[in-house]
Amino acid sequence: MTTAQLYLNCLPILPEIILSAVICLVVLLDMFVPLGRSRVVCGLVAFAGTIVALQVVINPPVAVEAALGGTFGGMITMDGLSQFFRMLFLGGAAITIVFTLGSVETIHYRQGEFLSLILGATLGACLLVASNNFLMFFLSLETLSLCSYVLAAYIKHQRLSAEAGLKYLLYGAVASGVMVFGISYFYGMTGTVQINGVINSVMIASSMPGFNVVPFLLATVLVLAGLGFKMAMVPFQSWAPDVYQGAPTPVTAFLSVVSKGAGFAALLRVTLPFFATNATVANATAGLAGMAHLPVLFAILAVATMTFGNLVALRQTDVKRLLAYSSIAHAGFLLMGMSVFQPDSARAIMFYFFMYFVMNLGAFWVVIVVINRIGGSDLAHFRGLAYRNWKLAAAMFIFLISLTGIPPTAGFVAKLILFKVVISAGISAMQGAVMTPASWFYFGLAIVGVINSAISLVYYMKIMRAMAFERSDDSSRLDLNWVEAGYAMAFAAATVGLLYFEPIANLVNQL
Amino acid sequence: MDKMLLTLITFLPLAGMVAVLLAPGKAHNLIRGIAVVTSGVVFALTCWLWWVFDPTALASHGYDARTWIEIPWINSFHVYYRFGVDGLSTLLIVMTGFLSFLATFVGFSVKKQVKGFYALYMLLMTGMFGVFMALDFFLFYVFWELMLLPMYFLIGIWGGPRKEYAAIKFFIYTLLGSVLILLVMIAYYFQVAADPKTADFAFNIPWLVANQPFHGASPAFKHLLFWGLFIGFAIKVPIFPFHTWLPDAHVEAPTAISVILAGVLLKMGGYGILRFNYPLLPEVGSTDWVMWFLAVLGVVNIIYGAFCALGQTDFKRLVAYSSVSHMGYVLLGVAVLKEEGVNGAIFQMFAHGLSSAMMFMLVGVLYDRAHHREIARFGGIATQMPVYFGLAVVGFFASLGLPAMVGFIGEISVFLGAFKYSMPLTAFATLGMLLTAGYILWTMQRVYMGNPKPQYAEFPDANKWELISLVPLAATCILFGVLPALAMNIYLPSTQLFLKMFAQ
Amino acid sequence: MNELVNSWGLNPAIPVGLNAYLLVAAILFVLGLIACMARRNAIGILIGVELIINAAIINFMAFWRFGGSQTDGSGALVGPLFGVFLILLAACEAAVALAILLSLYFNFGTIEVDSIHQMER
Amino acid sequence: MSNELINAAGQNWVGANLAFWFITAVVVGSATMAAFARNIVQAAYALFFTLLGVAGYFALLGSSFLAITQVVIYVGGILVLLMFGVLLTNRPLQERTHGELGRYLIAAIAGAVLLGGVLVRVVFSTPWKMAPAPAVPVPETAAIGRMLVGNYLLPLELAGMLLLLCLLGAAYLVRRQER
Amino acid sequence: MNDQLVLNLACVIFLLPLACFALMAVFHERIPRHGDWLATTALGVTLACAIAIFVHAAMTGRNLLVNVTFDWLPLGMTNMLKGGILVDRLTAVMLVVVTLVSFLVHLFSVGYMAGDVRYGRYYCGLLLFTTSMLGLVLANNLIYLYIFWELVGLSSYLLIGHWFEKKSASDAAIKAFITTRLGDVGMFIGLMICYWKVGSLQYADLFAAVQNGVLSGQGFAGYDWQTLAGLGIFFGAMGKSAQFPLHVWLPDAMEGPTPVSALIHAATMVAAGVYLTGRLLPFFSPPTLIFIAYIGGITAIFAATIALVQDDIKKVLAYSTVSQLGYMIMALGVGGYVSGLFHLTTHAMFKACLFLGSGAVIHAMHHEQSMSQYGGLRHKMPWTATFYIMATLALCGVPPFAGFWSKDLILGDTLAFTMQHGHWFLVVAGFGTAFLTAFYMTRQVFLTFFGAPRNEHKFEHAHEVAWQMLLPLVILGTLSLVGGLGGWFEKYNPKLDGITQIKAIAEAGYQSPLVATAVAAAHQVAAAAHEGAEGAGEHNPVVAQAHHTAMVLSIVLAFAGIGLGVLMYRERKNGKALLNPDALARAFRPVYVLLWNKYFFDEIYNAVFVETTHIAARVCAVFDRLVIDSVVNFAGLMGKVGAFVVDMLDRLVVDGLMVNGSARAAGFMGNELSYAQTGRVRQYLLLMVLGILALSGVVLVLIK
């Protein structure tokens, strides 16, 4: 590979290169900057680096556009999907860095390592969504995972954090082992580890008569174990509540957004070719390519995930843990979109994720502030918040409403678009005005989704109730600094402002 | 300027909210001042709307052309920022402006968290105006829900002893209703957006009404849509048996909010039925059994609500049930699809807005002094508070439907229309007139009459803020009872357009 | 071709076939899972994970070997490359795991996973 | 097709096949022990033999490079790391796998074996992608090297980054004193 | 004096009290003397205007003076309820009656109500009443009539309940309002029929519709629309005029201040029902008229019997009023348009006088109303006694007092009708009532003014009343004497357009299937009415004969009644009457008890209507809380399965959250599911493997 080739090949991954450079820079800075200032200096550098990387993603150099499509011999691919998610991941990383600066949880611990691990995890996530090769895919995933393990255990003198690290590590190690075992079967079946190659040959083979679908689906299940672990999808969700609760809150926010997003991005990356086929459960006779099986599989997973998340969330009293279950439930909603293999549904998933990104980060920021100021994330700590600081409470209300999916918030739009996709699949499966099993299937799925939304209202309301209708023993005013209040308001404004979702829709439609 | 009018009316309260939020939390009078000024300006603007609105010159889509505003908003989803008014909405908007202005003064009795109260109150105003103006289904739905949230907190934080229960019940019920509306909206979206030629009209209410996208659909499906919308709106009205949220919410809400709840929010149900339910699905609405069923339901509402009111021991609860009874006239008037009935139903909404608001204010005045609402524990108030009693007579008799007051006009008009539809049913419904008189007089006797009780001897008569809110209502109650044409003329052409849909 | 897949080494003319390797890998995989689920000691669980990873590498190598041992083209050298990277990842994992376990040991005084459940339900 | 294979190679596979079975015996046996041994130290020792055996497989499958890597990194690095872990965290109390965990163990075994059954079924029923392989393994070390600086440059660099990060993280976590 | 001036005067008559009311309603606390002089003066001016119109009407030969119509309530683009003013001879008479009595009552109240706690508000009530009553009289359509009809109900309610500290007063107020509103509901139904069939509520349009047969279509239960509408409207009149069986409110209404009783419950408001019946007489179909006549007859005799035994001075007068109103109604029912309305006019005069007189007595006796505490008052208050006795004689029908002329006319009309068409009950009721009336009025006069004082203490403090109270007595007493002279009303009201219409209908061959017997009578009724209107039946020998007979008989009966009263209640030297009333009461004990308890009507109504309504209300309220709230709304909403789900949701959301933050139903499931989260990482791993297994199972199932 000549230098010129190398240069050209490297251009598309410029953001990742920048990230790597920033990682090194942060580590070095952390050694030389006086202790007291390290937090701010390293934080700002990391933040600036992330923003620069984000800028490069949004406005790629001209040459990148020329090289868009593939690089390093098809090792990675640059398309709308990867652009979109890289943007989200980098944004998420930047916001997590901000959260870290605003949180007191990690204040007594070294920042250089923390920030580099965040950036490292982001690097893994970015490469994951872009990778077109299972080796690259797995390696990126592990980069993300390994950094996350350490991050979860970051408050090393705290038992909860250490326990979170342990659970995350053990669960993740097994899950990724299972996943790589599944990947090996894919390789065995198709003779290649290029993702598009694998999928193409599966699709070709499946159109042949006598195609044996069992190994393919088994391998899919094994791979799903690894991705499902990242997405916190039932039945691979067990780790999530404990880890979310135990990890430092900025890390929890990161996990619930970037890590989960990486899982979905990877899933979309793997299944993307199917979305172009316009296949639905309706044409069940067309074998694997007709996707009679995957939609049902994903629908089952979706229903199980959202129902489990919502029902168990009902009994939670720790807001952080509650949000963990809520994020499981949201994974269920996202999976609902996966059961419709149409281009629109991929867009709807991305769209939903964007909204989820905003509102969930906002909610976690409020949790961070509450932990900072009141000292815990239990419901009791939220009591009377509306009277102690209305700005924070108002912001939290907006996030909770949005998470429930009630207008006028981003969450409503997200759910609307998602349900629209599911229902329209049901309608297109109808024959004239006659309902077919497939349309019943999709309508039923939508109804389950609506019921789940209603259930979710209950536990979100529990937080609202604690904040507005109850009083805390300590009713002194809670004075926030401008950062704390400002971020909360900014996220709240974004959550409401995203009601004007035209730009996001356009962004997603570029896929 | 006219183009901006609707936008201004809707979003000025939002600016007021921001101003309230920026004010220091301890400066209660400043906050109240901001609220009064904002709602006052908004009320002035609504009056201006009344002034510029010309009922005889409606555009082809049936709405006032001068104030009509339509801007693409979210192209990918065919959502428009589309505001417009016809006679019906103009009347209700003016009423809303009027009531929310007066309720601002009523809110002065709120002593805790004044800032939060008025901030949410302003937000609520935006929601209410938006609902009456939005002619884009999506936009309408957003405003519809927007109204729900501040209401939830206004009841839940500033309410009475069982406020939480009431707030949650209100929230759940109305949310349930709006989910049904949402489903119908989505159905229309799918039907219209499926065809690229019409996709851009997916949420365009005037277009949907004019083009009837489900014209050829199976009757069963149309019924599904109709009843989905109907239940969604019926919960808000509220119509038996979806009314049980109302007594709780009204009773527990602070007075100012009860006023808004009864005065404006209930009208949204009626407005929805008139604006969406019937025009979108006229074939269903004019089906024989549907007309019968809804008319009977309206009568049940009237009679049942009156009986329930008669059986109450809580003053405010009684007033709440009287709302159930009175809103039955609205349903009865609409269901029979006669000109008199529909006009009467609209007037009844207006009248009930004034009279029930006034009754809630009256109850609130008493509650502020006695801190309880048990009818049995009152007595002799008329001797203690003569001015207040004088106003109470006006308020209660307006609600009773006494001629020369607003309540009468709505009732008589609805009855005259309904009578053309079915004589026995209407004759039976007139029993409601009697029962209404029964519970109102009986209540007045127990609360106001009798020997003055020593524990209430210190009650001061109505103060100036209470008078500011009560006297204009009393005046309008009489004014529009004597000169109903003032209000009626504004929406007659719109009603005619509405009825044309059922002409076949 | 079938022989190549199904050979169990009984025919001296044919090398041990693919299925034999896959079977061994599956056995290792299952044993690894059992170790993960049954061991109370966290390091025992890590041992299980190593078994699973080894099983995966054996699969890759076997598929590579019997899929043509390509040395060029897009699928070239997938087996050894995957193997190398997986070993590398296992090393990273082990390092991180050890660090976390030590941190845990400082906090709890044990690494027996059953006694570590501060958070539940 | 297989005849062609033999003819072309002109090779006798008896030794290799015997080696396979020997290695298999060692690997399965020691892996079983690694999974079930009561003592964690025993399990670690058993793992040692498993890893060595797997290195043998790699040699049999034609990648001496990977076999050596396995021995050097896995046996020499990872296993030693694990042993360190065992020693650093071990207490006089030895691991037990009985008592109240018996039922649980059975569930684990049953689940894993069932999954294994599915895997075996799949292994035997799947038409794997096959191609005739060169009878004599080609020397692949140089090719791997070329690949690593060619198309696989990116994974290599990422792996470097990953190692750095793991080092950072691990070092941070085990450092006792903070600032 | 042209019609424009008449119209202006009519407007003044209506607007002056209204303006005065509005002013006083707001400012009565600040006006000196709470504005009593203002109200009285205003009424004086109004009275002058009314008299001007009356004189004008009498002098011109025309019946109709003013009929102005204007738009009021647009019910649609084309349907319009119109308002309007009508001034004809009947209106002119009514205006004078109303303003005169009202003016005098205002004046009387200055003395009677002096020092009352709500003095100003009392005058507001009087003004509101007067305004409404004048509006009622001036309306040229049923809707305006209905509006003011209800408004007089309101003012009646307010004035009866003037002393609302007394439970009995507020009870009576409610009873009055509800009972009359019950009648109004019927009237409203009649209105609706008219609007539905005719499309207008103008009197003129209604009469035209009757002539055109618009209302002759088959209606409900075999009756035609005209009958139904007529019955409905008459039901309203029954309520307002306290006709059997809606009479129960009027005696109770005596809880109000006595001047109010005089104004509202004797002279004007209760007569509104008679006015309405007379005004719409051409509109009523023959069966309706028969019904009206019977209701009137029953009421007349029925109330008179109750009045025989009452002890409360005002109650006697109240039942007397009911009885006399029955007279008027009966007269209208038999077609005696002139006689009925004539009696309305004269009755207003002497009954107002009686009430004000009783008010004076009550005032003098320190609000003692029981006649058993009176006696011998003529010595203390001679002027009052004089005019009270004059009014009594008028009521008894002694010539030449006012009552004689009108009552005689009624009896004559009834007799003539009966002689021609049967229905002897009416005659019996009419003459019986005349006798009873004379008797109980005599009883009252003797118990009150003659004999020895039975309560010495109160007697000692009794005194003649002030001039403000005496002057109205003088005026009204005089009018009782001269008010009916020569049957002027007959001359004044010679020809009425409506009456000719009745004839037209009758001649058109009216057919009603279910009341065949009534048909024949109806023809005759119409004819008789026509004849009567044509000048006291000079052309018809039967009618002429009837009138002569009736005159003789009525005079005889009046004196017989008075004589019996004297025998029973005039105390001789020994303090005993010739006939002992107590002995009589003992002899006819069951009858006495029945009468004393007013035929138990209050008790029956209470048990049947009031209690059942309250029970129903309570049941509804409880039902609403318990049943609707929890089950029916959801069952109705989503059917059985949906109900379960939503009910669960409701319980979980509303109750669960509200009570203690633990959701119940779903919370339970969540609780169970949460056992999966044991916190043990090995179990997590096991779950993962089991999950993979399960998914594999799903996959295998999906394939097969």
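Read from first to last, the chains carry the letters A, B, C, D and E; within each, the first residue is number 1.
The rule we apply is simple: contacts are C-beta pairs under 8 Å (C-beta built on N, C-alpha and C of every residue); 3 or more make two chains touch, one makes a residue touch a chain.
Computed from a prediction, not measured in an experiment: that's the story for all the values here.
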Query raised in the report: Given the touch definition stated above, what is the smallest step count connecting chain A to chain B?
Result: 1
Query raised in the report: Using CA atom means as chain centres, which chain is nearest the centre of all the protein shown?
Result: B
Query raised in the report: By count of C-beta pairs in contact, what is the leading chain pair?
Result: C-D
Query raised in the report: In whole angstrom, what separates the CA-based centres of chain A and chain D?
Result: 32
Requested in this report: Using mean C-alpha positions as chain centres, tell me how far chain C is from chain D in Å, no decimals.
Outcome: 5
Report summary line: Taking each chain's mean CA coordinate, chain B and chain E are separated, in whole Å, by 36
Report summary line: Distance between the CA centroids of chain D and chain E (whole Å) is 105
Query raised in the report: Can you list the chain E residues in contact with two or more other chains?
Result: 649, 653, 657, 674, 677, 679, 681-683, 685-686, 689-690, 692, 696, 700
**Report entry** Residues within chain D bordering two or more other chains
**Finding:** 104, 108, 111-112, 115, 118-119, 128-129, 131, 152, 155, 159, 162, 166, 169-173
Query raised in the report: Taking each residue of chain A in turn, which ones touch at least two of the other chains?
Result: 73-74, 135, 139, 142, 146, 149-150, 153, 156-157, 166, 170, 174, 178, 185, 188, 191, 214, 218, 241-242, 315, 454, 457, 461, 465
Report task. Mind listing each pair of touching chains for me? Result -> A-B, A-C, A-D, A-E, B-E, C-D, C-E, D-E
Query - Complex contact set, residues of chain B against chain E - result: 164-165, 168-169, 172, 176, 231, 240-244, 247, 304, 307-312, 339-340, 343-344, 380, 382-383, 386, 390, 393, 397, 402-404, 408-409, 412-413, 415-417, 419-420, 423-424, 426-427, 430-431, 433-435, 437-439, 441-442, 445, 448-452, 484-485, 488-489, 492-493, 495-496
Query raised in the report: Tell me, which parts of chain E touch chain B in their complex?
Result: 25, 71-79, 117-118, 121, 143, 146-151, 154, 157-158, 161, 164-165, 167, 170-171, 173-174, 177-178, 181-182, 184-185, 188-189, 192-193, 195-196, 220, 613-614, 616-622, 624, 628-629, 632-633, 636-637, 646, 649-650, 653-654, 657-658
Requested in this report: Write out the stretch or stretches of chain A touching chain E in their complex.
Outcome: 166-167, 170-171, 174-175, 178, 213-214, 217-218, 220-222, 224-225, 229, 234-236, 238-239, 241-242, 292-293, 296-297, 300-301, 308, 310-315, 379, 451, 454-455, 457-459, 461-462, 465
Query - Residues of chain D defined as touching chain C within the complex - result: 1-2, 5-6, 12-14, 16-18, 20-21, 24, 27-28, 31-32, 34-36, 40, 43-44, 47, 50-51, 54, 57-58, 60-63, 65-66, 69-70, 73-74, 77-78, 81-82, 84-86, 88-89, 91, 95-97, 101, 104-105, 108-109, 111-113, 115-116, 119-120, 123-124, 128-134, 137-138, 140, 143-144, 147-148, 152, 155, 159, 162-163, 166-167, 169-174, 176
Query - Complex contact set, residues of chain A against chain D - result: 1, 6, 13, 20, 23-24, 27, 35, 72-76, 108-110, 113, 116-117, 120, 123-124, 127, 135-136, 139-140, 142-143, 146-147, 149-150, 153, 156-157, 185, 188-191, 212, 214-215, 218
